[in-house]
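Letters A, B, C, D and E name the chains as they come in the text, with residue numbers starting at 1 for each one.
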Amino acid sequence: MCWCGSNIASTVDLDRVQKAVEKLTNVVHVEQNKYTCSEPGQAQIVAGIREHNLDRVVVAACSPRMHEKTFQRTVAKAGLNPYLLEIANIREHCSWVHTSVEEATPKAIDLLRAAVAKVIRNTPLTTSTIPVEKRALVIGGGIAGIQAALDIADAGHQVVLVEKEPTIGGRMAQLDKTFPTLDCSACILTPKMVDAAQHPKIRLLTYAEIEEVGGYIGNFEVTIRKKARSVNEDVCTGCGICWSKCPSKAPNEFDCGLGERKAIYIPFPQAVPNKPVIDRENCRYFTKGKCGVCKKVCPAGAVDFEQEDELLRERFGAIVVATGYELFDHSVYGEYGYGKYPDVITGLEFERLINASGPTGGKLKRPSDGKIPKTVVFVKCVGSRDEAKGFPYCSRTCCMYTAKQAILLREKMPEAEAYVFYMDVRTPGKGYEEFYTRATEEFGVNYLRGRVARIYPKGDQLVVRGEDTLVGAQVEIEADLVVLATAMVARRDAAELAQRIGFSYDQYHFFTEAHPKLRPVETNTAGVFLAGACQGPKDIPDTVAQASAAAVKVAMLFSRDELETNPMVATVDEGTCSGCEWCKPTCPYGAIDIKTIEERVGKRTVSRRVATVNTGLCQGCGACTVACRSGAMNLKGFTNEQILAEVEAICL
Amino acid sequence: MTKVLPQGKLKDFLKDTMDKYSLVAPVREDGVVVLKPTADPEAVVTDYLNTVTSPKDFFFPQTERMFRFQKTEGKIRVEETTWQGKRVIFGVRPCDLGSLELIDRVFQEGEYEETYYLARRENTTVVGLACSSPGPTCFCTTFGITPGSPEGADLMLYPDGEGFVVEVLTEKGEALAQQTETLLEDQDVDLAEVKGRFEGLKVPLGDHLSVDGVAAKLDGMFEHPVWAELSPRCLGCGICTYLCPTCHCFGMTDEVRGDQGVRLRCWDSCQFSDFTRMAGGHNPRPTKKERVRQRFMHKLNYYVHRFGRYLCTGCGRCLEKCPVGLTMVHVIEKVNDSGTREVAVNE
Amino acid sequence: MKEKLSELKETVARLLKDRTVDFFIAYQAGHSQVEPIPFFLTTAEHVENLFLNNFCAHNLSKYLLDYLAGDEVVGVLAKGCDLRALKRLLTDHRVERGRVFVVGLPCIGIYDRKKVQEVYPAGLVEVVEEGEEVILRGETGDKRVPRKEYLLPRCLTCPDHNPEFYDLLLGEKVANGPLAEEDYSDVRALEEWAPGERRRYWTRQFERCLRCYACRNVCPACNCRVCCFDVAEPRWLGKGTSLDEQEMFHFTRAMHVAGRCTGCGECERVCPVNIPLMKLNKKLAKDIGALFHVPQAEIPTEVEPLGQFRLGDPDEFN
Amino acid sequence: MRYAYYPGCSLEGTAKEYDLSTRATFRALGIELEELPDWSCCGASSAHTTNHLLAVALPTRNLVIAEKQGLDLVAPCAACFNRLVTAQHKMEQDARLKGKVEQVVEGEYQGTVKVKAVLEVLATDFGVEKVREMVTKPLKGLRVASYYGCLLVRPPEVTKFDDPENPTTMDALVEASGAEAVMWPHKTECCGGSFAFARVDIVEKLSNDILAAAKSNGADCIATACPLCQANLDMRQKAIEKQFGTTYNMPIYYITELLGLALGLEPRSLGLGTHMVESLRLLREKELA
Amino acid sequence: MSVERAGTGVSTAGWEPKIIGFCCNWCSYAGADLAGTSRIPYPCNIRIIRVPCSGRVNPQFVLRAFQRGADGVLVAGCHPGDCHYSTGNYFTRRRFLLVKRLLEYLGIEPRRFQVRWISGSEGQKFADVVAEITEQVKALGPAKMDKMRDVM
């Protein structure tokens, strides 16, 4: 029992407490110290344990949040398992909040009695260690994935970067310029793509997807499906003869379908790896059974029609998920023509149309008739901030990219008019507000505050009708091109991926961080981290920052050879467990699995399902224990027996 | 001359009783008639076939505190519980009267006397109530008990016309009769005739059911397939044993609060899955088959060997309340019907 | 019923003969007409003793728990309510669907033995349904009573006159539709009482409790391998039967089936001392429905209401 | 098929043709209408802009009558339809309101009656294909712009009928009648209805937009299913032409008139010839009347 | 655990209620610590049991406390959305919304059992909550869910 100088001793009559505690069953030795946490105080505990051959220790002192670790080390020094210690908090919860000795003393006795009742039910717990496989898996080869992969690799660890598309680069590669500096997106991205490809510690797996994820932090078992490229990457030199000779065409996804590509293709000239892939659905050889031009012309003999999907099984210690986003499908907006008007396009389509390497060679021609638009209307918040048809959240990037696109338009074609319909202009970022100001002041973009109610064709033009709420009047603009700032939404397969890896996602299917403020890049599954827009709408600077943060988390994890597991985890009494699985949904970490055990019943051996806790994933919250009616699920360190004993002891 | 308690004086009889005794009597509560300590004669009813719970509860209570213990200064002080008081249990049917005699043997005969039980027995006066109209679940006559059997009562009431004909059987009964003397009228009633009338009442089920030779037959039926056939439908609940006026299994448990506590003796039921489960987890009666067999073998064979009588009085509670009809009648019939030859080999 | 019984006999005989099932659980005649009892058939010869009438209340699927260890295929006769109980066991992963062969029994209501015995203590021969009325036909003549008043409580609000699924259906499906809306009127009435009155009410009920565990043992939601009431350590419940322990028992039982109760009311039906257990179960079902927007709180779902949450759940704990 | 029929005040007045043509067309198709006994105001305009309770109570009174009648209710007027379904929606959402309203109308509202617009009855209940089969005089060569207005399809969670932005039910019926349904963007634009008296300038502007759009998309005429739309487009067409210096001369028909015609009914019996914009000339030109 | 004080005839002279508080380690226990370090006084009736998360609190613990004579029980956890384990307190909320109603239904004064969200920075709130519940329970009088009434 600690006096804590006079902090405790002046309010709690420790002699009286000692008399009461000495009488308790199982208590064999009580002593007081002036400062228990001091060297001599700790030495006294060690001596006491040795002298009285103690196997449980209660320290009545300050909050366990203060010195539990200290005293655990102390009792360990005396050869006792550190978890055979309990703290009675008689300072923060007693002497500091009560003024009268008559009040504080009986309370301190109760707290000690509870601690004693608990500690005799404590069992030795041991931390186990799990080895860490120092290889990271990064899923998604956009800017987030590239940045995370580069940072982890630069920290000296092996990285496998898996990308679904034939090239890395992601959305950022599709953009023309970037706000607020108007750098050319490709100019700043492609060097990083090349770095990633050439980094000795990074292995690129493009045109590949995650098939299955098992295991846990430090030891994930991942199956990756490498889709058949129909081109032997090891041999191909990327010379380009194949795609120049290929006779089949298909809309180019990279250009949002606005341009065409061949059936054997690279998505864009700076693609990494610079190795083509055959789109079997559109390839004459695969659809009609004859052609094979590419194979004939390939000087390296790289074309391989027989190639099959390949399943790779790899072990990783950590996973960074950087799967990015999709754009909201505006065809649910009937008032904007259900996506049927060709000249109502998305922001991303605008990027391709205005990009020098885009389908129009950088000349802004409208999709319907190739005419050069003179009046362009930008509509913001399409699918975002709209609970009725889209999502209630703010898509965060649209204000800035609309401003950018309006500027680009006015810069390239000063004779064209730009109108922007907006609800609010949100510019919280370095240099963002200034950028927006430039759009309105320097580039003369017309901002109209109001929602667009309807877009309808009139002749070869589109009438955009909306309200200008600042003027309080209806406005109608006859536009040549309408650009919808469609919201960033979670990828359609996001939930499936989250389930496959085993972490949670929110109602919009964005991935959920472990804590919205303090653990923004972790998921609640240990060893799985998030980067970029898969966690929520994000612009490039934020994405890169989060990617680097995730990389640091991975590097931190890899700085150790072994991980110590928390010993205070849930545990299953298999004899009692019914295998009903009701514990499972309460676990935020997916730490509970079901396994089949065999046992003897009478004279036969029968199998039976029981829950099992993955101690690498369990964080010890104990939610599962309450879901378990039979009490088969228990939490080490806070067992049902211990808590009930505390309750009873306090109530005496 | 015979003593008669007029119907209109019944409440007064109970009131007078309460002057000297605490009263346990049938009370209707939420649709069931239970035996219960009561201080309100108005609440007492007589229009029941039988009470749901049996009088054994008041001699061999479901939870009996045997002693308290306390640790003081390193020593343990034990304070035994002694039951005191004078009590009357009113309205006990002949079958239940008979059951008391059966439990008496268990707790009284042999080397050890069960003092807790006996203290209650000695200090309790049992007022029996003969049955005017035996019900469809009654089969007391199977065991030689009749709707008018007074054995086990201290004072017996026979409903007759506008009152109850009173028969005093013991000293305790006499004392009660004196206590309530002013209410008892001397009338010109032939007690033997009244008794004979009750004894002759038809008990349809009991009159047709015979246990002759059942005990002997069961000697060879421990491994008989009938148990496997009967037991699957058992729910493993304690309705039969807890309502049964003759079941008397118990377990001991300590309730400890800090440095003091009590030792409790609580009813147990042979139908519970943890009945006879040992500390290590082994249970010699692992399935319902063994447990169902235990119950009926105990009643129809083991007890008979030890005390010469069947441990059942045909009260019919198991017929009335067992949710799956696993009743004494059903089992006796089964045993009667089964050939003893087909003794199954232990599976 | 007679046609159904002969169809049942035929069906069960066939299932047993062709080894589709290893044994079959149905009903046999009990002590009286109003008490049919469970019947375990192992050979086709047993079908002669099959029995079926509109007192076959007992839910047979709970017996499947007795056959977990093994590989027998168990045939079971199931009404709509029993099927829901089976669904409970399946959802709780206690029973494998592949090891149960369900013979579905369309049912328009089971009569409450206790209520019928009040008018006909003995000698009832059969119950004949005539629209809104029933004729209790017996040795001492006919008694005509309103049908609704003599059904089991669960049958009044039964949404499943036909079992939701089955391997075989006896006869034709019957028209569905509950006779009455579940309005939790019993619960609401009790909620209106003064707290002291309610306290006295429940005290009286709990004091009468025998702790015979029939309510637990008959309940399809109480299907734990080891019940917390049966373990010695931790001592969730004392062996003694004082009021506090009885209350602990009833509170715990109610909470353990909260969100999982299928509303069959078997607990209340088998209680030997008439404890209104459904008033506890219904209270929880009602609150779960209202608080967590679970429209049918008594239908087993993939995840139980207490195993999930919504961010927008009501919050009164600030 | 049998429905309760709620004409509402318009169909007794300015929209008499709608009433006539609806009854006639339905009769020709074999759909029975039973006029709601003792029907009263639906609460449109005056009531629903001034008093919440009244706005729900007025339609509910009619709903309660319909429930007694035990038939689903057809309300040809789009405003009536809208008020009736809105009342249903509100009471479904708000039990307290329902109780209050029931007190006001002194009747119990069960929610058993389905309220239907004419279009829904014809296209969904009866069926477009069946209509097509019964057409004897196809309206060949007539180019019709189907104009739904705002009240039939909005708000969608209340009306629960067709697409709020691009409805097609009337177009399908137009096609079934043998006429050509013109694709145009102004199907659900506002005609200025509630400003009919207060701000004629706005009504004229909005209605002009509609007429202009119909014309520029090649329509000969406009079909409506709402007395207010019809009135604004028809009655004010002259004034609009004057105001905007254009000529439309575009007949504004009720869809029931066109269908009746195609079913071979006598034009006069459908009320044709009583519109403000000459309605028969176009039909004669096309040799349809 | 009992009905209102009126008419119970229990003498309350010198009686001080005993209140058990289950506090989650990360928020409410820390909040109580903060009340301590900030020296915010509150009534001494509460005894805190530390649990990792309010989701660890089994309703049976609460009942056991009443059974053994506690006069009031407080369960305190992180605010919804702030759970250290992401979701634990959402389960707490569901469970105890029901428990509270069930206890009330059984005739137990609902103010004897309270659930509160108290963050690690809400030392003052912790003290206020304890003061409030203590006052309420004092007004209600001793809970007499009789300690093994018939037996001990």
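Quick notes on this one:
Here, a residue touches a chain if its C-beta (ideal position, glycine included) is under 8 Å from a C-beta of that chain, and two chains touch if they have at least 3 such contacts.
For clarity, every value in this text was computed on a predicted model and none was experimentally measured.
The fewest steps needed to get from subunit D to subunit E, moving only between touching chains, is 2. The innermost chain, defined by the distance from its C-alpha mean to the mean of all protein C-alpha atoms, is C.
Compared on C-beta pairs in contact, A-C and C-E come out with C-E as the pair having more.
Taking the mean of C-alpha positions as each chain's centre, the chain lying farthest from the centre of subunit E is D.
The greatest centre-to-centre gap from subunit B, using C-alpha centroids, is found for D.
Here the spacing of subunit A and subunit E, counted between their Cα centres, is 36 Å.
Here the spacing of subunit B and subunit E, counted between their Cα centres, is 45 Å. Subunit C and subunit D, compared by their mean Cα positions, are separated by 54 Å. Residue positions 575, 586, 627, 640, 644, 648, 652 of subunit A are each in touch with at least two other chains. In subunit B, the residues that reach two or more other chains under the touch definition are 63, 255, 257, 264. The residues of subunit D never reach two or more other chains; the list is empty. Those residues of subunit B lying in contact with subunit C across their complex are 29-32, 34, 52-53, 62-63, 135-137, 229, 232-233, 235-239, 242-243, 251, 253, 255, 264, 266, 269, 272-274, 288, 319, 321, 323-327, 329-330.
Contact residues of subunit A toward subunit C in the complex are 507, 575-582, 584-586, 594, 601, 604, 606, 608-609, 627, 629-632, 639-641, 644.
Interface residues of subunit B, counted against subunit A in their complex, comprise 71, 257-259, 281, 286. Touching subunit B in their complex are the following residues of subunit C: 30-32, 35, 37-40, 58, 63, 66, 114, 121-123, 204-205, 208, 210-214, 216-218, 230, 238-242, 269-270, 272-276. For subunit E in complex with subunit A, the touching residues are 18, 20, 25, 29-30, 32-33, 35-37, 39-42, 44, 47-53, 55-59, 61, 64-65, 68-70, 81, 84-88, 91, 95, 127.
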